[in-house]
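Each structure below is given as structure tokens.
In what follows, subunit A forms one complex with subunit B and a second complex with subunit C.
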Partner chain A sequence: MSRRVTLNLGFEGNTRDVTVVIPDDEPTPWQWGERLSVVGKPTARVDGPLKATGAAHYTYDIELPGMLYGAILRSPWPHARIRNIDLSAAEHLAGVRAVLALEDREIRFAGQEVAAVAAISSDLADDALKLIKVDYQTMRFVVNMDRAMGDSAPRVFGSGSNVGRTSTSSVGDVPRGLQVAANTIEATYTTPVQTHVCLETHGAVASFNAAGDRLTVWCSTQGVFSVRDDLAVYFSLPPDNVRVVCEFLGGGFGSKFGATPEIIVAARLARAAGVPVKVMLPRGDEHRSTGNRPNSEQRVKLGVDRDGKLTAIDLVQRGSGGIGGGAGSAAPFKSVYRCTNIRTEERDIYTNAGPASPMRAPGWPQGCFALELAMDEMARKAGIDRLEFRRRNTDNPVRAAEYEIGARAFGWTEKTSSPKSSGALKRGVGVASAEWHAVGVSGPEAQVIAHRDGSVEVRVGTQDIGTGTRTILAIVAAEELGLPVDRVKSEIGDTRFLFSVPSGGSLSAPSNTPAVRQAAAHLKDKLFRIAAPILGAEPGDLEAADGSIRVRTNPSRSLAFADVCKRIPGDSISAQGERVPNYQGFRTDQAGCQFAEVEVDTETGIVRVTHVVAVHDAGRIIDPLTARSQVNGGILMGIGFALFEDRRMDPQLGIMVNPTMDDYKLPGPLDVPQIDVTFFEVANGITNTGVMGLGEVAHVASAAAVACAVYDAIGVPVRSLPITPDRVLAALGRA
Partner chain B sequence: MPPPSARFCAHLRTKTAYYRTPDGERIFKPDVSTACYTCLKTQRPVGPDGRPVDAQSCGTERGCFQPE
Partner chain C sequence: MNRDDRKPRKPPGISRRSFIKGAGAVAAAAGLVRVRPAAADEKTLPAGVVEKLGPEATTIELNINGKPATLEIEPRVTLLSAIREHLGLTGTKLACDRGACGACTVHLDGKPVTSCMVLAIDARGHQITTIEGLGTPSNMHPVQAAFVETDALQCGFCTPGMVMSVAAALERNPAATTDEIKHATAGNICRCGTYPHVFAAALRAVKPGPAGSARAVRAAKDA
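Take a look at the complex of A and B:
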């Protein structure tokens, strides 16, 4: 059964009534401008103290009785065939309990898994690895994308081409669009391979029962149910016989979705040894083998007419995800700016390097960098202010409004009209546009429980990738039940709870909060039925607010929430909710923009980001503190991509030469600029909470804004990331 | 057109395939150029037959294909 609800949707100055059809038992979606008691108020992370004091248990912290320590032997060669593996010496080492040779006999990148051991200490496991004798037949390899495309290049996959999937798209007539343009530009932009650098490396603790038919795994994952289902398939177990736990997760950024190799290895060793086994990857393996953002080379052509309107966008791109694909970057070219003639071509190039895996807004930071720097080059050529150029080429009213908010907060007009420094230190500013689509998916279910002591518990089989999931789920339940947030406890990260989806694609908050709200509403109905006879009212006449359950028309007739809970006949009372499919709402996309200011030392080439203003829409913001934290993280990761990060491969040896956090450069505390975040609230009416994801949209434009600011500062575009001092000096002709 | 479950190998993995449509089908988007694929059997972007894996090539014509 369903009902029709009219919602006022949109944003300030641009709202309209939209009628949506929702299931009967869905809470009525929060309306635009509706004042809520705890939603939207800054709330400190409910698990902040646990993390700050070290009491939070990550996979790394799991210790089980009799547990062994696993280690993985990896190929030192980028391309080889394994003729033989001799495990006998490792098997006979005292303290070693299990040794496995892994099945794949063809090595395609340096760092690929070859064998694994489990021993009574991690040092002993490492010693045992050294005793494994592997007879490799080395083969020609290629780690450079350009070389990989050559006719005589070594083939990564047998006799198959090193050119993998090719994707093309075309609308309108690009040659004609370039022909009629008043101005055109053509330039090539490159971005490096970026690794995820999760602070908690990939890893797992696995334990089989004595019968070998039940498996429990603690692992650092973005999807406890994804891992459960993968393990069930891999080990031919019923899903119910597999339990996966991830109480806390130290970063994933897309690389920890399913049963990754070290999880499978831990479980196989545990089954072989008959006791639990822990495998946590060392930092070097994390860099080399657990995924990365592919590199890119993007040849961009733009055309504009005399009014500064785009007449053509043309992208020819290639990228390498090592032995994997997924290196495309065309998405921003197709949708951020309005143009009737757009053509894109993307090609995956295979190399003998570690495989790509999804990484925060896959493809977008690369594409956005190339598109936005090209936009700036075009604006300069056409003599148009860069922000005005973007205004003229957007048809998204949300983004248009955000440009104005950001420009005021940043002081765009003042900063672009003031003269540049005449000294060695040059200041510059840039702006870039973001886009994402994170309305969430159906599938998750939630349970909300009221206990006799008046406390409330939320249980969902989701996990916290670091975004503050526990906190926002508690806030949503507290809002629905009229309680302060500290009365609600969130339990997540366990497949014993009701199903939820992985935390990726910025989908956690918009997928889970509606299920929690519906469950809390159902629980509220049950509590109303307990309270109604005492208050001499009908359940439908009651409301939950200010820690009480009361008669809506006469709030003085009330019972404390805790007093109602004391009348629960059993120990607790609970209700479930489900995430129903999205309704038809206002918009399913998100805009956003970021402004950056940099200082470039033209004598040393060093770039420092001094100020970033970010304006983002993410539907309804549940907790401005955790939301701001996500934007901060997205910007800092973007600064890393813009200025520092670069996986370097030795072309002679085929190995990564900087697999440490010393040599793989990351932003540090001194690289953090002033960051000002404004949330632009858009009522989308797509779910009962109206929440949209924020993790990725906050990262899309960051590196591009920095690159544009550097161009403004020195007057020359640096078309390759990272913008290192040598590249700046080369651009200035001083290298 | 057969349902996706009959078209894609049971061991093919990609980020979107960990989500399901409202009808319960795993979500594959063969046209998305940023999709990273792996095979659950190898946990790598290469199948047991030594060839790359993706939604377009992991079909019934491969000896390692297994229906869901």
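Take a look at the complex of A and C:
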């Protein structure tokens, strides 16, 4: 049962009517110019008071009666075979309740899990680890990507090659495109391994029932349901017998999907000890073992014709995610700029280092950095303004409009036409383009409940990675029910609620809000049926607005929402909604652009970012306040990638040399530039809310814009991130 | 661990951090011998008196959020562990465990300190304030309220430490500038990158009085 609706979609000055077929019980998607009461208004985060007062309970804060503290012993060697593990001394230490040797006897990176203990205090657990005797047969190892590709390099995986998956793509004729070009450039760009550095490390509290057939796990995760499913498989339990809870999550950034080793270890220790066990990783383990953004080496060739139009884009890339894969960075080369001849080659190289995991827009920040700096090198060679060069090579009307908004806000023309200072301090500006496709997926279901006291509850099995999920779900339900946001409470982070998808890939907002809106609409229908006889009207003639339920054509015939709730039979009334598949809306991609200004001290090589202007579209913005926070965060993580962050491996020891928060440099308060964010509203009609995710698109272009600005400031490109003082001085020939 | 000590490649086994946590390790269980330093509180240890503690648990009294608390702890226990694991006040967070990120910031006699770098026994005789002592969800401190209003938090894990640093800075100078707030929070790391809103929150948390009013004007101009 479906109906056809015609929607006016698009953006300011560029809208069109699009006809879509939607299920009968689905609310009509919000259109361009839709007048909404709470959606789009800045709303303070609903769980802000809990977080600001320390009352929010993270996994790290869970304490259960009789709970033990677990700790994991990790290999100090990057490549070894375990001959024997002697647990006896640890088992005999007073206060130790469980000790296990893990099964994997092949060690492939320093930091790999070897054994685990549970004891009555975390200090005692650490003491017990020191008593475990492991007999390692050490082996030759390789942590350097170049060396790993050599014929005589130690093999990370037995006899197999260290060259993993290679993927290639080709459209048009790149050699021909380079041949006909008026100008070509070729350069190689490199990016470092970046680690996630979630402030709350990975960890879990696990508890089995006495019979051992029901498992409850509190864990710091981006996907309560994916952890549940993994645990059910691992312990051969029906999924319904496993409950996963994550009320608050201290950062994830892509590293916290599924039942990662420490979650399984916590559950195994809990089963062995017969009491709940908590395992929270120390900071060093978090850096070494829980994931990272792979490094990259990208050889880029570009060709342009006399009009400044790209004739060829060629990328040969390799990267190492340690013992993991997924190091590719070609995606931006294939789609950000228009070109008929594009060829890419990506290659994963294995090294004896911790496995990669997805990290905020996997592959894109490194790809964008190389592509955008190459674009600037080409613009300089061809003698074209860098923004104009990008304008000529985009066919995306959203991005074209965003360039103009950003350029005005930033003062691009003034800043690029003023002469460079003759002093040691050089200013420079850069611009880079973003792209993402955060339209979300079908699958999530939501429940919305009205209680007799007039309060409303939203329940979804999603989780809040820090983006404000509770807040936007409450806003959407409040909008549909005509209520102020503070009347709605969001409950999330528990597999007892209806299914939802992991919070990653910018999926949460576009996948969950439509389910909540549909559930709220269903609930509204039920409340209309209660109110209709009292108002002497048909349910279909009613509307919910301004905290009341009233006759649409005669708003004076009205009942307060709370008064309707008083007539609910029983304690409450509830309704469900589902996230239906995407409609053919306006566009499924997101553009976005960022402008950066830097100050480079050519005597010390120190780079300071002074100003960033970001223009982003994410369909309909539900809460501009929390949305702005996400963009600020994307930019600052990009500044870290551009200037500071670098996981360093010791080639002699095969260990990470900076697994701390002082030696691994992160951007801090003193590194924050002025940041101006503009949201470019697009009505996309893809779902009933038209919301798109924002977390990743806001991070894609940030490092690239900074690198381009440094090039502008000093006149020489620094082609390796992070742009440290020594690299700046080397580029200037002063090192 | 059956490592071959002759191998030059042996990874380092001791860290600054493990050294601070010091005695109590099973392998070399030694106590702490302490002599009152010149600046120590007279009440806890008179001059010249040698105090021998540990390695076993010892009874100490701490003043937390205006109330005395008696704890039975080993001398190696940090103030952070004492607050969280022994007193159940979990608002204070551990993130780096070496004084580099500020997530564990509490006030010691009104001054911000990283509680992961202070031994609980050294906090005797001092007034300790944790995030719970600043305000509650239904009765927030002005700084906490300003954090909520300006969305100066995302995942929220660094937030308690960040709030404590900002509150201490405004206590020192109710008319603190953005630059002073940046320096006051320089030891607080937020991976979500929420700093711009932290600065906005600090400007918003105006204290009554002439200095505060001046700041309110500035905040309004910045907005």
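Throughout what follows, the second predicted complex is superposed on the first by the 735 of 735 C-alpha atoms of A that agree within 3 Å, B and C clash if a C-alpha of one lies under 4 Å from a C-alpha of the other, contacts with A are read in each partner's own complex, and residues count from 1 in each chain.
Keep in mind that, in the parts below, a residue touches a chain if its C-beta (ideal position, glycine included) is under 8 Å from a C-beta of that chain, and two chains touch if they have at least 3 such contacts.
Quick caveat: nothing in here was measured; it's all calculated off a predicted structure.
Contact with subunit B, but none with subunit C, is seen for A:355 once the two complexes are overlaid on the shared chain.
When both complexes are overlaid on chain A, the residue A:451 reaches neither subunit B nor subunit C. Of the two partner chains placed around the shared chain by superposition, subunit B is the only one that A:325 touches, whereas subunit C remains out of contact.
Once the two structures are overlaid, the count of subunit A residues touched is higher for C than for its counterpart among subunit B and subunit C. Look at A:608: by the touch rule set out above, it reaches neither subunit B nor subunit C. When the shared chain is aligned, subunit C comes close enough to touch A:465, but subunit B does not. In the superposition on chain A, contact of A:381 is made with neither subunit B nor subunit C. Look at A:104: by the touch rule set out above, it reaches subunit B but stays clear of subunit C. Of the residues of subunit A, not a single one touches subunit B in one of the two structures and subunit C in the other.
On subunit A, the positions that touch subunit C within their shared complex are 44-45, 47-58, 60-61, 63, 76, 93, 110, 121-123, 127-128, 130-136, 196-201, 248-251, 253, 282-283, 465-468, 625-626, 628-630, 632-637, 652-653, 655, 660-662, 666-670, 672, 675. On subunit A, the positions that touch subunit B within their shared complex are 103-104, 106, 108, 112, 157-158, 160, 164-165, 167, 223, 226, 230, 233-234, 254, 257-261, 264, 291, 321, 323-331, 346, 348, 350, 355-358, 362-363, 441-443, 501-502, 504-505, 507, 581. For subunit C in complex with subunit A, the touching residues are 1-3, 9-11, 21, 24-27, 74, 76-77, 81, 84-85, 88-98, 100-101, 103, 130-132, 134-138, 140, 144-145, 147-160, 163, 181-183, 185-199. Partner subunit A is touched in their complex by these residues of subunit B: 10-11, 13, 15-16, 18-20, 22, 31-38, 40-46, 48, 50-52, 54, 56.
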